[in-house]
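Presented sequentially are two complexes of chain A, the first with chain B as partner and the second with chain C.
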Partner chain A sequence: MSAIAAKAGADAGAFQPVPSIIALVLAIIVIAVGFVLGVGQTLCLIVLGAALIAFGVHFVPVGGAPAAMGQAPGIATGVPMLAAGAGLAGLFGGAWAAELGLAVALAGGAIGGALMMAITCLMVNMSYVFGMGIPPASGKIEKDPLTGYTQPEFKSQGTEGHGLPFISYVGGVIGGLLGGLGGTLIYLELLAFYEAVMPAADAVGLAGILAVAMFLVIAVLAAYNITGTIEGPHDPKFKRFPRAIIAAILASGLCGLLALLLVALV
Partner chain B sequence: MSVKVEASHGGIPHGKIAAAGIIIALVSLYIAVIGHEVLGFDYFAFFGGIAAIGALIWGNSAIKRLCSYGIGAGVPSAGMLAFGSGLFGMFLGIAIGAMTSVWIIPVAVLVIALITGVILGWIANTVLNMKIPVMIQSLAELAAVGALTTLGLRTVAIGGLELEAGFVFVAVGFIAVAFMLGAIALQHPFNACLGPGETQDRTNMLVIECGFLSMIIMAVISFVAVSAVAGWISLVIAIIGWAVSYKKYIALSKRDAAAWLDAKPFVDAEEE
Partner chain C sequence: MQEIIIGIGVTALAGALAAVAGAAEDTESNIGSQGDPNSQVQLAPQMGYTHRIYNKAVSGEPPAYTLWVTLACGVAWAFLMMGMNAILAIVLGTVLATIVQGVYATTAYLGRTASLSKFGQPVFTDVLKSVTTVTMGHAFVAIFTTVVICYLLATVIGHPFSLPLLGIVWGLALGAAGSATGNPYYGKERQYQNQKFGAGVPISASGNIVRYAEAGQRSSIDNGFFTAKFGGPASGLCFGLIVFFELWRTVLFEHYLAGWGAVIAGAVIIIIFMVIDRYVEKWARENYGPYTEA
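Showing the complex of A and B:
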């Protein structure tokens, strides 16, 4: 989060029907091209993974610079960094388990991402509570939907809340789970595709870096959708996720097609 | 959304910097190709680093232009998006070069990355409703910058642009190092220098310094893949370039810092 990043406009949350339909049509065309080239199934699973990532990013409580000063709830960094941290931890977890079959690898990826976010959220809350001496409190809701604890009494005046309330913590873990699952799915699909035509070491390297690249593209587009900070699944901004999923479907369809063309062409 | 904050007043306009950056990048890459294809040695591998620096100067100007609108996700996100989207163009460009001719690679990489960036910019501007006037152009430029920078750093590491020479680059994982070194060199300078006292020459000098710093690492890595002479040439040029640009950057920082310290505090109108 940079000092120059300004607040989003009021209309930034509106759903855009016309561009969304155009984007979906374009995505269908891209996937159809994939089927013509004989890589349709792989491309569909890559798009599914990207949609999971875009959805998962919206769960992660991101506080940005205000959170670093204890003036807003969430983890004190930007969306791309957090999503990349959680998703890449999951991706690496899944990549280690790639030889054990699809189900184990996907579970490994999801748990890796969730574990990374669980540890991050725990340590963030410890530094907030014991280091800065502030209680976790949400500024967007009256009662925590999961625990039922009331929030406003604990919120300091002049802030939007602070720390990580339980719902944000759970959101972070779910976000890590979905991000890790999506990232691992993309990696495994690319790996299986490349392994058929090139030596294993090249296939692992190529699939790994392209999965990371695609993850970053989707995470940043989701971050642009959130515009800055989000508290978790209870935040009103969470309702914007359909736009991010549509964006992710088209972006990953395009990037996935380019990645698969590498082999289809040579 | 479109609240424009001027980053730095005056200075060289974006179009000129972009043109200079793109020319430096393409010419340097073609010199590296000439060295490898026509003259038959890899001593010109260091021109890949010069190409990366040219692309980074262009990219820094594009980031400055994009982030002056307040994208809400921070300056580093733009760097990550640039390299994430640029990588697809780079790999596909090299694959096309393997089918046709190595001379096509730099232009093919540039064109494919630009197309990818235009589509991502359209998605961000319309589907995600960002409504930033320079979004499409900036994301297209940034994707091209990401692709050209990775291609340049790859040239430093392996001495040429061919697909065959590059397998070690991907299989051993140099690509991940190049990816992050390039992304940090792209996003760091403006993120570090932004603010009311930002001056264009200081930011650009930091870009050059970060570029040479990345080139040092790639030159060290390159001993695996290129001849020892070429590796030493790259390393010495990178270290000299870094030392000179670092010294100049510190001098510029002192110049701007002195200007800041000499500023008078605001005086309340009532006290006068």
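Showing the complex of A and C:
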């Protein structure tokens, strides 16, 4: 069916059971191959990390080009880039703390991503409020569920809202937290696997570049699911996240398997 | 103890360099019109508003700066491996990355502007000659300072990632911080200076960007002059704070509670920023008031 023939008004973000089941079956096959080749446990943790990233991206309030003109709430840049920026900042912190143990490194990665988003989101609001005299307002909800602030009267005429209401700010921090956590988990699993077969310096480099690559794959997949802009956890588009997680499981299963086979079969 | 003192010194230096990098990055992207607001520069001729604004958005700022910073880091790293002096190696890496940025800017301006010829938008060769070098100058500052941060992290602090990998991480973070903070100021406040202050741009006004200056047509260099007063420093503050606090919490507190000290310090800093944000939102609502009665 062509795009023109598609049913008008169909919800592009609706959960589609058949493709989802096909994706899950394919993912199970890929993971089963991983177990047969003896890399199953590491692969499962990589897939878990990717699922965390895909879920986390949906929390990040991204307004894209309309946000740059104060026409829509969110941060004025692209979904995958912002999520990747936060996730990689988390990966930086997690990799730094890798020698302190899994729990500290994971927490360090999560906090690194959340810190990046907390500062970025604050500066976005500073820019709107003190640079342009515009108060934050959501276009998707009547009332902020966290602060109880009503939104419509603070939305300027002819726009969908602007800035980051507190719920979007918190969403950004949670998104950074999950992104940093997932990215660090992927990195640590790859690192432990590579360190067993190659010098530590090479293992760090290979694990780092593949973790970054996998992060970008998952962030871009999630961005396709979001289609453009999202305000955060209160946005109706947030409900699309199961689809992104399923896609992330399949994509990361395949990417992870290839990343592990790089050294497993050598 | 000595290690911690050196770490604090590097943290302060990296934070300051990051502030310069963020400011230069935002100003470069505004002069070159690279961020999301460039959608309006591209749209304007289609709505009948031809202009002399530069137009080089072949990609968003984060991937662009990832490429340039990683390129500079990679070249610098290769020279360092050959035993070259560190400053010279970083400068040479940055020069090469800046040349690549200039090539991208030139081809992007020519390609994107030529694609608008059917709407009567001319390609101005004098704009190409005068603006490209200005964006390259700002890009040099942004790339050089970020590469120096990466070098300090790899050598003095001892981060496990190699220089090019750190370039990917911090190049992307630089672009993300600069575009998130600086884009609205360039897009809303500068391109739509003809709209009401203190309100978003109505969607119906899309494409009607300001094209004239006090004398003659507006130049992209004037856009950089304008945004350098708020958007640039705000972006610099954003990236500077990110780099500073990421390093500061680890350098000072990693030695406590078997590494959990840095995690707790980070969580406390996040909560402080959340409280500040909450205050900023409250302040804005109380002082600016609603646009209409609900």
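Some notes on this structure:
One rule holds in what follows: the second predicted complex is superposed on the first by the 256 of 266 C-alpha atoms of A that agree within 3 Å, B and C clash if a C-alpha of one lies under 4 Å from a C-alpha of the other, contacts with A are read in each partner's own complex, and residues count from 1 in each chain.
Rule of thumb we're sticking to: a contact is a pair of C-beta atoms (placed from the backbone, for glycine too) under 8 Å apart; a residue touches a chain by one contact, two chains touch by 3 or more.
Note that the structure is predicted; figures quoted are calculated from it, not measured.
After superposition onto chain A, the modelled positions of chain B and chain C overlap sterically.
In the superposed three-chain model, the partner touching more residues of chain A is C, compared with the other of chain B and chain C. In the superposition on chain A, A:81 contacts both chain B and chain C. Once the two complexes are overlaid on the shared chain, A:60 sits clear of chain B and of chain C alike. Once the two complexes are laid over each other on the shared chain, residue contacts for A:208 go to chain B and to chain C alike. By the touch criterion defined above, A:68 reaches chain C but does not reach chain B. With both structures placed on the common chain, the touch criterion links A:96 to chain C but leaves chain B unconnected.
Touch criterion not met for A:230: it reaches neither chain B nor chain C. Touch criterion met: A:119 reaches chain C, while chain B stays clear of it. In the superposed model, A:52 makes contact with neither chain B nor chain C.
In the superposition on chain A, no contact is made by A:174 with either chain B or chain C. In summary, superposing the two complexes on chain A brings one listed stretch of chain B into steric overlap with chain C, and the stretch in question is 184-192; the others among 40-48, 112-120, 130-138 or 184-192 show no clashing C-alpha atoms.
Applying the stated touch rule to the two superposed structures, the overlap between the chain B and chain C interfaces on chain A comprises residues 64, 78, 81, 84, 201, 204-205, 208-209, 212. On the chain C side of its complex with chain A, the touching residues are 35-37, 39-40, 60-63, 159-162, 165-166, 168-170, 172-173, 175-177, 179-189, 191-192, 197-206, 230-231, 234-235, 237-238, 241-242, 245-246, 249-250, 254, 258-260, 262-263, 266-267, 269-270, 273-274, 276-278, 280-281, 283-285, 288, 290-294.
Residues of chain A that touch chain C in their complex: 64-71, 75-78, 81-82, 84-86, 88-89, 91-93, 95-98, 100-101, 104, 107-108, 111-112, 114-116, 118-136, 147, 149-150, 152-162, 164-166, 169-170, 173, 201, 204-205, 208-209, 212. Residues 1-3, 5, 7, 67-78, 80-81, 83-85, 87-89, 91-92, 95-96, 98-99, 112, 116, 119-120, 123-124, 126-131, 163, 167, 170-173, 175-176, 179, 191, 194-195 of chain B are the ones touching chain A in the complex.
Note for the complex: chain A touches chain B at residues 1-9, 11-12, 14, 16, 19-20, 22-23, 64, 78-81, 84, 199, 201-202, 204-206, 208-210, 212-217, 219-221, 223-228, 243-244, 246-247, 250-251, 254-255, 258-259, 261-262, 265-266.
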